[in-house]
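Heads up, the next two complexes both have subunit A, just with different partners, subunit B and then subunit C.
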Partner chain A sequence: MFTQLLAQHFVHTALLAGAVVSVICGAIGIFVVTRGASFAVHAISELGFTGAAAALVAGINPVIGMMGGSLSVGLVLGFLSLRGRERDSAIGAVLAFGLGIGILLLSLYQGYATEATNLLFGSIVGVSDGQLRGLAVVALIVAVALATTYRPLLFSSVDPEVAESRGVPLRALSILIFLLIAITTAEAIQVVGVLLVLTLVITPAAAAQRLTGRPGLAMLLSIVIALVSTEGGILLSLEKPWPTSFFIATISFAAYLIARVIDATAPAVARGSGRNKVTTVDTPSAVELSQD
Partner chain B sequence: MKLRIILIAMISLPVAGLVAYVFATGGQSNTASSNLNVVAAENFYGDIAKQIGGSNITVTSILSNPNADPHLFAPGTSNGLAVATADLVIQNGLGYDAFMQKLENAAPSNHRIVVTISDVLGFRGADTNPHIWYDVKKLGAIASAIASGLERADPAHAAAYRAGLSRFDASLHPLEREIGQIRARFAGEPVAYTEPVPGYLIAAAGLQNLAPVSFTRAIENGSEPSPQDVAQMTALMTNKQVKVLLYNSQAVSPITSRIRSAAAQAGIPVVGMSETMPPKLTFQSWLLDETRTLLKALSR
Partner chain C sequence: MTGGERSIVSVEDLTLRFGERTLWEKLSFELGSGEFLAILGPNGTGKTSLLRILLGILKPNSGRITVRGQSPRCCAAIGYIPQQRVFDRDVPLRARDFVRLGLDGHQWGVSAPSRAKRERIDRALAEVGASDFAEAAIGRLSGGEQQRLRVAQALVSDPAVLMADEPLLSLDLSYQRVITELIDAHRKGFGTPVLFVTHDINPILPVVDRVLYLAPGRWAIGSADEVLTSETLSALYETEVDVLRVRGRVIVVGTPEDHNVHHVHEHERAPY
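Right after this comes the complex of A and B.
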């Protein structure tokens, strides 16, 4: 069964799609965790479901609706550029209202809502060549955007007060990063589903940050953990016909636990100055930043 | 620093190895038996195909759990493999098994034949009741769509498939007689269903469904029926406005259970109508059992 499955085109597509999504999830995850935006990611993915329901009612492709829902929530959250407690409750309020609209839309839909409910669980075994190309193009856009704005993005995420005082355009960067988070979330939904998005966007980055204080290395580790989880999860589900997303969630959670153990047992000096948090930004000068 | 590099290598090398292995072993042709590989999205179509195709075909059915709600089904790798290696795929369409389209797109094949029953029968539109296998009048057309799919996929055994089709058609007569009896004795009588599963059967039997469409659709889609709908549905039971409540045990919610107990309290018989075929039954015996139970309940 395992080797027979490995020879299948749809399994190759799944592995490639998993790899593409893991790379950007692992990378963007570092910014999500540093900004403490896990709840925002949750909201973005749940409201992607509302977007899918809206698309069903309007008679368009639910995946496009899901993208639209995620992006508009990302845009709103980015524009509000909220911090701390205020952000937590604001996201909660927006999420609740959005889900309410989703329930209304589902009740308005005259047909059978399986296409929207399928998004809840993800369907990595049903990725077509065309979808894979779409995932790759979107991932490339996210990667390029991250690479070109890496330093100011990181600076504004790690220490917004100092960044602001040095003239970093906080709101613009906030909109940018939340749009990138929304795009990445919409990609991850197609692999692990709405319910398990955090397993790729949060867990690998959270584990990586336990292992190193250096943001660049943390990002690399986060990408590696996301890759191991996704590819390992897909391969395990070839051997045992349980849902792929369960395996992915399990492996990434195991990585998180191991990282916590390493972090708790290793002497602080060995890990450089950072304890659990990215603190050592390779401090960019104000001049350098204002040129961006 | 060195430690970290070793750490990264330790995690990433196995993955690289696995991925390399995957692509090294790729392109293997799969060695299937000489039988025609038939995949049915739903077990009732699988059963019809098996009855027509007999020992010339091997059937895999994807939706077959009688306790699960097909609307919440997410396909796994074994389903993907089944579709990827199928010679003939039989699916319902009308969004009922939208996951099949995905599995087919993910595993392109130049020889696979796909029969979409709703297309063959000419059902269209998002608001069409997808439970067309309950359409007793069209069962012959469904069987012949499946038989012609088998003939196209395996012309060598065409004669056997045609013979299988006539056997199947003949076996439908008891069911048709039963429906005819209901029609003759109870045409126009009011009934209600919790979900539109038996919609076509009710229509064929000449019965009239009084359950509000918005209620049954909400139950079907797992969303929340409005209080008005629930009140109307409960009133149908407590005021004894319907003779029978038809109950889908595969899409239950606290609301449908309450409607069910309201019916029981009012002395209205409850008849189960399952969405997919229970194991150990044949397609004909399944619908015949349900129809007989319905006739008995109406005669009370």
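Right after this comes the complex of A and C.
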């Protein structure tokens, strides 16, 4: 059964689509996590659902509606470039309202409920060749944008104050990164669905950050974890007819748990060789200087 | 180059208003090689705004500024040390990556690591005594160690000017001393002028050349002995202010906001 399925064209398409989406989710996830924008991703994703529901009612392609919904929220969040609690409550308010509209739109929709279910929980095995091409083109755009703005993006994400003093355009980068997050989220929705986007955009990056302090390596690990989760999830769902999204979420969560255990048990090994010396360096130098 | 060798930073007739409120008018001073200027004054008098103007981020209502004869934004030749703010534990950045951001973090495009860059980063790390934890993740270091790295990050680009905005805040006394000594040693060794915003002069009193005191609507500049006197401050505040010297410490009594007392600093910008 498993090998038979593995020979099917739609399975290959699904695996390819999963790979494309995983790479950009893993990469962008690092910026999402360092900016503390997990909740924003959730909002972008749920309002993507509202957009898709609107498209269904209007009789157009739901993917276009979803892109529209995600991008407009991303644009607004990027433009406001709010921080901390202010952003959290603003997002919460907008998200709740958007979902309310989404529910109304769904109740108005007369077509098949499976389309809505697919949006919410993902439908990777239903990806068409045309959809795969679309995913690949969009992913390429995200990858190029990330590569060309990588350092200023990293700088403005971890240390906005100093980045600004060095001439890094904070607002423009905030808009850019939220647009990229929105595009990536819309891609991920097509694989894991609205409700499980975080499993590819947050969990792999969060796990990777526990394992290394090197920015480049963290991104690579995040991509690898996303890839293993998605491809593993698709393969497992061929073996056992449970939802693919469930398997993907489970594998990425397992990776996260393992990363936390590794971090907790062997911090010196996991986070770079310098950590051992740090504790010893701190006090003596302070004491020495206060005596002279 | 009008100022010649003497003046590295030149501020001329600077005026800043926020709406109806005038923070300062005709503010003028020059900074020469290696000079250490402390910028003092209560909250809301535009200490941070002055730095932001010098960085080219904020536009003054009028006035002229040059850094090495050029307008500030053009060459980003300024090293900036902000207030210590603890990094998230899991930020994927080692100490050396953080310092590197001060070198090329503002540049677009991909770049291959180069030996020249690595050497500059190593030198900056060594200068602040951070070589031992160069490979450690920054979020796992103590606040004092992180602030050492902020100094290294500001120095790594060989800036023409160093600016620090309350860099000692929330550091313990021994680390306040470490950071002050690092900045002092650098300006002496490299002739880099320093603008140092602080609400408490005492930790830096031994190294300060001049003090710029910003009071609401007024300002004064001169040596610490000239500016931090009962006379000058009373004139600035238009009320009776006493300046006491106790065991080498300056204590100011009677300002609307006694700045010798450690109080919770009111952030002039949004918290992160």
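The rule is short, and it goes like this: the second predicted complex is superposed on the first by the 259 of 292 C-alpha atoms of A that agree within 3 Å, B and C clash if a C-alpha of one lies under 4 Å from a C-alpha of the other, contacts with A are read in each partner's own complex, and residues count from 1 in each chain.
Methods note: a contact is a pair of C-beta atoms (placed from the backbone, for glycine too) under 8 Å apart; a residue touches a chain by one contact, two chains touch by 3 or more.
The structure displayed is predicted, hence computed values, not measured ones.
Peer 1: Using the touch definition from the top, say if A:Gly167 reaches subunit B (first), subunit C (second), both or neither.
Peer 2: second
Peer 1: Touch test for A:Thr212: subunit B only (first), subunit C only (second), both, or neither?
Peer 2: both
Peer 1: Which partner does A:Arg151 reach: the first (subunit B), the second (subunit C), both, or neither?
Peer 2: second
Peer 1: Residues of subunit A that sit at the subunit B interface in one complex and at the subunit C interface in the other, please.
Peer 2: Comparing the two interfaces on subunit A, one with subunit B and one with subunit C, the shared residues are 212.
Peer 1: Give the list of subunit B residues in touch with subunit A in this complex.
Peer 2: Residue positions touching the partner: 3-4, 7-8, 11-12, 14-15, 18-19, 21-23, 25-30, 71-81, 84, 94-99, 102-103, 105-108, 126-127, 130, 214, 217-218, 220-224, 226.
Peer 1: Quick one: which bits of subunit A touch subunit B in the complex? Just the residue numbers, please.
Peer 2: 1, 3-15, 19, 59, 103, 106-107, 109-115, 117-118, 121-123, 125-131, 193, 211-212, 217, 220-221, 224-225, 227-228, 231-232, 235, 237-238, 241-244, 270
Peer 1: For a test of understanding, state which residues of subunit C touch subunit A in their complex under the given definition.
Peer 2: Per the touch definition, subunit C meets subunit A at residues 55-57, 73, 76, 78, 80, 82, 85, 87-88, 90-95, 97-98, 101-102, 104-111, 129, 132-142, 144-145, 150, 153-154, 163, 172-175, 177-178, 181, 269-272.
Peer 1: Which bits of subunit A are touching subunit C when the two form their complex?
Peer 2: Against subunit C, the touching part of subunit A is residues 30, 33-34, 36, 83-84, 86, 147-152, 154-155, 158-168, 206, 208-210, 212-215, 218-219, 267, 271-275, 277-278, 281-282, 285-287, 289-290.
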